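The chains carry the letters A, B, C and D, assigned in the order they are written, with residues numbered from 1 in each.
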Amino acid sequence: MLIIMRPDFSEAQCLRVEDAVRAMGYQPVRVPGAGRTAVCVTGNRGPVDDSYISRLPGVAHCHRITKPFKLVSRDSHPTDTVIRIGDVVIGEGDPVLVAGPGSIETEARTLAVARAVRRAGAGIFRARLWSERIGPYEFAGVGDEGLHTLREVREELGIAVIAEVVDPRSAERVAEIVDAVQIPARHMENEPLFEAAAGLARPVILDRGPAATVEEWLMAAERLLARGQREVILCERGIRAMGHRRTLLDLHAVPVVRQISHLPVLVDPSRAVAERGRVRPLARAALAVGASGLLLEVHTTPDTAYTDPKQTVDVPTFTGIVEDLAVMRGLTPLSPAPPPT
Amino acid sequence: MLIIMRPDFSEAQCLRVEDAVRAMGYQPVRVPGAGRTAVCVTGNRGPVDDSYISRLPGVAHCHRITKPFKLVSRDSHPTDTVIRIGDVVIGEGDPVLVAGPGSIETEARTLAVARAVRRAGAGIFRARLWSERIGPYEFAGVGDEGLHTLREVREELGIAVIAEVVDPRSAERVAEIVDAVQIPARHMENEPLFEAAAGLARPVILDRGPAATVEEWLMAAERLLARGQREVILCERGIRAMGHRRTLLDLHAVPVVRQISHLPVLVDPSRAVAERGRVRPLARAALAVGASGLLLEVHTTPDTAYTDPKQTVDVPTFTGIVEDLAVMRGLTPLSPAPPPT
Amino acid sequence: MLIIMRPDFSEAQCLRVEDAVRAMGYQPVRVPGAGRTAVCVTGNRGPVDDSYISRLPGVAHCHRITKPFKLVSRDSHPTDTVIRIGDVVIGEGDPVLVAGPGSIETEARTLAVARAVRRAGAGIFRARLWSERIGPYEFAGVGDEGLHTLREVREELGIAVIAEVVDPRSAERVAEIVDAVQIPARHMENEPLFEAAAGLARPVILDRGPAATVEEWLMAAERLLARGQREVILCERGIRAMGHRRTLLDLHAVPVVRQISHLPVLVDPSRAVAERGRVRPLARAALAVGASGLLLEVHTTPDTAYTDPKQTVDVPTFTGIVEDLAVMRGLTPLSPAPPPT
Amino acid sequence: MLIIMRPDFSEAQCLRVEDAVRAMGYQPVRVPGAGRTAVCVTGNRGPVDDSYISRLPGVAHCHRITKPFKLVSRDSHPTDTVIRIGDVVIGEGDPVLVAGPGSIETEARTLAVARAVRRAGAGIFRARLWSERIGPYEFAGVGDEGLHTLREVREELGIAVIAEVVDPRSAERVAEIVDAVQIPARHMENEPLFEAAAGLARPVILDRGPAATVEEWLMAAERLLARGQREVILCERGIRAMGHRRTLLDLHAVPVVRQISHLPVLVDPSRAVAERGRVRPLARAALAVGASGLLLEVHTTPDTAYTDPKQTVDVPTFTGIVEDLAVMRGLTPLSPAPPPT
C-alpha cells in the first residue's frame, strides 16, 4: 500500500504515519518526490487495512499496489529518477556514453584507453577489476590492484569511473575509489552482495541476469531500494535465447521497464552481441529505443585487449557512435506508454 | 562450389560450364550480378573436383563454399539484392514502410485505412486474407473474398499491395492480384507452399519462424532461390524467448543477415511486441539497426480492428514513425561487417 | 459453455438443445462420453447466458469453461480418450511402441527394417514419405511413391502403418493406405492442412511445434476436434531451448497435458535428442513420466539410414527399450493431478 | 594436456613430471584414479609441447585435451567418481534420495519432517538456511540460526545433512555442521564463493544455473576442481525455456554429462516443476534417465511449509517415489555413450 501525503503535510504528520504503519507490524519506506511525498508499506503479505491510516492528519489518500514490486514502480514514484555519477546526469537529457576496456590492464595501457575515449566523447570510464571468464584457465582480471589504476584515471582525466563489485568483503573498498559500482549479471541474485551494495554511498548499476525476466530484474532492484539504496540504475546486457549467438539484446525491455519503473536503463551492446562488427548497429538501436545510456567496450588496440577482444571496438567506431547519438537527438522524445490493461 | 566466369565470358562458354556440371551429376544455377556472373553448383554432398571445370574457357576461377547455404550467400552474390514491389525499391535507398490493418475488413473500412496510411507516407499496403489466429473460435479472416478488396485498394490509390499465401492451391490466385506475396512465420518450413511460391512471378517475403535460427531461416530462403525464385525478401518478426512477452524482436539478426546474405531484411515490430505502446520505440530501433523497411499494423480506429487491436497503432503514431525515418536518414550508412573468422 | 445432459436424456432433447444453441448464434458440438453426454457451445466470444438452456428438458446443468480450449479439455470429456490404430489401442493399458526408419527407403530395405522391429516388439510401423530436411540439397524423401512400400509392409506383416501428411492435396491419398496420419511439427499451425486432416477417417497424430507452448499445441488439437476429427493423439518431440542440442524433450508436458486434456500423448525421443546414444535413456524417461507410447527411429543398419543416421538406433537398442517397458510395468499407475488452483 | 603415468610409476617420477610442467610455466594437477594416475597440465592457452615430458621416466604417454574442461572430463578420469556424504555413497549403486522441507522451520517442525522422511527411506536430509525468494518482502529463511537445528537432526537421527552456502564469510561455519554443502543455482558463477567452497573439507553440490549450458556448468565445476576441491556433485534443477512453467527439467543433461564427465549428477524435480502434482512423474523420469539421486522438497504438512508449499510433496508421495526407485532397480544399467564424433 502507498500512503500519499497532502502537499502541505508536516514532518510530524509523516512520522506519525510511519509509526502507525510499524504498529500494524509492517515497515514504512518514505518515498520523497518532486510533486508529492508518499510512504510505502512493505512487509505485508496481503491487503492492508487503510481505514485508520487514511484518516490520519496530513494523509491525502491511500493507494493499493497489486504488483509485486513497489519502490521501483511508477506507482510510488511517478516521475523519472535522475541519478548523478560524478558530474554526469543519468535519466534526463542526453543519453550517457560509458566506455573503457573489458578489463583493467597495465596502468599505461588503461590510461591510454581512458584518454582516447574521454577525448572521443565518453562521459564515464568503466573497466572491470575481475574478468567475466567462463573457466579457471582464462585471465582472471587484475583484481583489487586495479583500484589504483582507476584512481589514476579519475585524477588525471577528471572523468567519473565505474568498476564492479562481486564480493561483499571488498565492496566498501571498491566504493571508496569509484563513482558508481556495477553488480554483474551473474550476481543479479547474490543476496549477501546486495546487502553490501545497499549500504554504499554510491549509485549501483544492476545488470540483468541472462535468464532473468524483466519482473525478476525489477524485483532485484526492489531489494536494493528496500534496503535504502535509492540510486539504482538498470543495465540490459542480453538474455539467453535460442540461436547461434551468446545472448540476444532484449530491446523490448527498455520501453517495458520505462512503463513500469522510474529507474534509468542503460544498455550494454558489447557484452550482448559478442562480436565487434555488430556493436555499432545495436548501439544505434539501443539509443533509438530510448536507453538512458550505453556501456561500451572500447580499446585503442582492440585485438590486444586482455579480455573480450572479439567484442571490443576501436576508438573510431566509438567516435561514430558519438556521432550517431548526435543524429538521434533529432528524434521526438516519447513518454513512457501507459501500462497495458 | 561457385564457378566465377571471366568478365568477358560468352553465353556459349557459360552453357558449356553448365553442361559440365550436369555431367558430374549436379545442378548448375546461374547467378548473374552487377560486376560478375557465377555458376553455383548445387546437389553435391561433399567437395566437388574442380580440376576439369576450372580450365574450361571463360572460367576465371572456382571457389569452394563451405557454408550450408549458397545462393543466399554473399559468396555467390556479393552486392545487395535490390527488389522492386510495384514502384517501390527495396534493398537500396530509403527503408520502405509497409502498412495496413492486421486483416482485411469490409471494403469500406479497408479502403479508409489504405487512404490514411497512403497519405501519411506508406509505400506499400499490406493486409492479411487469413487471420493468424491461435484457436478455432477466433476471427478467421475474410479469405479469398479479400482479393477483391485488395484490387480496389490498388486501383483506387495506385499503391502496391501485399497479402499472404498459405495454401499451395490458391497461391497462383493470390499472386494475380497482389504485387508481392508473404509466407507467414508459421509456414516457414511448409515445403508444398514453397514449391508453389517459387513458381510465382512475384517477389516473396519470407517471415522468420518464431523458433528458427538465422541459419534455418536462410536455408528456407535458399529453398526458394534453388527453385528459381530470385526475388526473396526476409522478414524478422520476433522469436520465442523466456520472459513475459509473446515474442522478442531479434534485432541482432539484421546485421547478421546482412553480413551473410545479399537479401533485403524487413522488420515487423507489430507482430513481435504485441502491444501498441511499444511499436514506435521498436520501429525506431529496427530502422536504426539497418532494416530495409518495416511492416506495421496501422488502423484508423485501432480499437475496432478485426484482428490484433492491442498491437495495432493509429495513424498519428504511424506518421510519427515516418518522421523518425526522416531523422534517421542522417545516420552514416554502415557497410555489412566482414564475417567473423 | 458446456451443457451436461441428464443420464436419461433422449435424442430429441439433445437435438432441441443443439437448436437452441444455434438460435443464440453459436455452434453446438456434441461430446459423447462413457458416463455422460455433453453439448459444448463454441463460437461465443464471452460468457453465454444459460438461463434458458439450463431449463430445457434433459439438461442436467450448465458449466462455464473459462479456458481457451474446450473440446480437448477434461472439462468436456473427463475420462481418457482411447484411440485404436489398426489393432493397437492407445490411451489405456501398455504404452505403444511405434518404430521404423526416419524415411522410407527402397522397398527391400524398408521391409527389412519393418520385419526386424515387428519381431522385436513394435506395435506400429512408421516411416516418413518426405524427409524433414533443412535445406534444398538434402535427401527429400521418396514422396508419394513410398505409399506402395507402406502398403507392402502392412500386407506382409499385418502391422499398422503411419506416415505423415504435409499437403492438403495429397492427404486423402495418404490416408487411404495408412492406419493413422501424422502432422509434422513444422506444420502444427498449417490451417489448410488441418482442414484436410480433420476430414480424414483416420486418427491424426499431432506433433508439437518446437516453439509452441503446451496451450498453443492444445489449441491446434482443438482446431481438429472443432472440425469433427475426434481421434487426435498428441506427440511431444522436443522444443527449442538454449544450449548445445537441437531440441530439448519437454517431459513436463506429459503430466501437464494429462492434467488438462483427455487426449493421449506420445513422445518421440529420436527427433528430440538427435543423437543415438541418448535415445534409450530418454525413452526410459518418457515411459516413466507417463507417455502413452513412443515413436522411435530404428534401423537394421543405422549408419546407412537415408535420413537422420545419427539419431537412429539399431534393433538391439530397440529390443532393450521393449525390455525397459516391461520393467516399468511394475510402476503404480498415477492418475492425472488435479489442475493447479 | 594430460600426462598418463605408467602403472609402475614412482612418486619421485611423478614429482619430477610436475616440476617439469611448472618449469614450462603451467600448473600441474595430479589426478589419481583406480586404474591409472595422470598429471593434468593447466594454465596453458594453446597446445603444449610434449617432446620433453613424454620421454621422462615413468611417463606412459601424453594426451592432448581439446575441450575447454579438463579435470571434470572423462579424459582425465575415465571411471565414475564416487563420493561419500556421511555414510551414503553417491555415484555407484542405488540412486540416493535427499529429502527435506524447502527451508528450515522451527526446530520442532523441522525435526518432525526429518523423522518422517528418514523413516520413509531418505538417505540424506536437506533444508535451506536461506529461502530462494524473489523479492525482499518474502520469507528470508532462518539463516545461521538454522545450523543448530541441522545439528539436532544429525545427532538425533544419525542422518547426513546438507545445507547451502551463499556467502564466502560464512561458508566455513556452515561446513562445520553439515556433511555436504550446496551452491545454489543463482550462485553458479559466484567466484568468491567458489574460492571459499573449494577449500572446504566437505563435498560440494553444484546446482546448474537456469541459463547455463551444460558446458558452462561443467566449467563451473572445473573451477572447483582446479582449486583442489575433488568432491563435486552436479545438480540439474531446471532451465529457463519458453512456455508457461517456471523452468524445464533438462533430462537430456544427465546422459550428456555422464558422457563427458566422471562426476555424479543429481536431479531436483521439486525446484524445476514448481507444482506438487508433477513432482512424482518427473522424479520417475529422472531416475529412469540415470540420475545418481534426487533432491526432493517433502513436508509432513506441505500446505503450511514456510517456503514453496506449492511444489512440496507430502510424505506418502515421497514413499511412493521410494517404491518407484525399487521398481527401476530392474532396469539394466547403461554405460555412458561414447562422445559424439
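The rule we apply is simple: a residue touches a chain if its C-beta (ideal position, glycine included) is under 8 Å from a C-beta of that chain, and two chains touch if they have at least 3 such contacts.
If you're wondering where the values come from, they're calculated on a predicted model, not measured in any experiment.
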Partner chains that chain A and chain B have in common: C, D
Chain whose average C-alpha position is farthest from chain A's own: C
Chain B and chain D, separation of their C-alpha mean positions in angstrom: 48
Averaged-CA centre spacing for the pair chain D and chain C, given as whole angstrom: 38
Chain centre separation in whole Å, for chain C relative to chain B (CA means): 34
Per-residue multi-chain contacts in chain C, two or more chains: 211, 239-242
Residue ranges of chain C touching chain D (in the complex, touch as defined): 211, 213-215, 239-245, 248-252, 254-256, 259, 272-273, 275-278, 280-282, 284-290, 310, 320, 323-324, 327-328, 330-332, 334, 337-338, 340
Chain D - residues contacting chain A, complex: 42-45, 68-69, 130, 134-137, 166-169, 186-192, 209-211, 216, 219, 222-223, 226-227, 239-240
Complex contact set, residues of chain B against chain D: 240-242
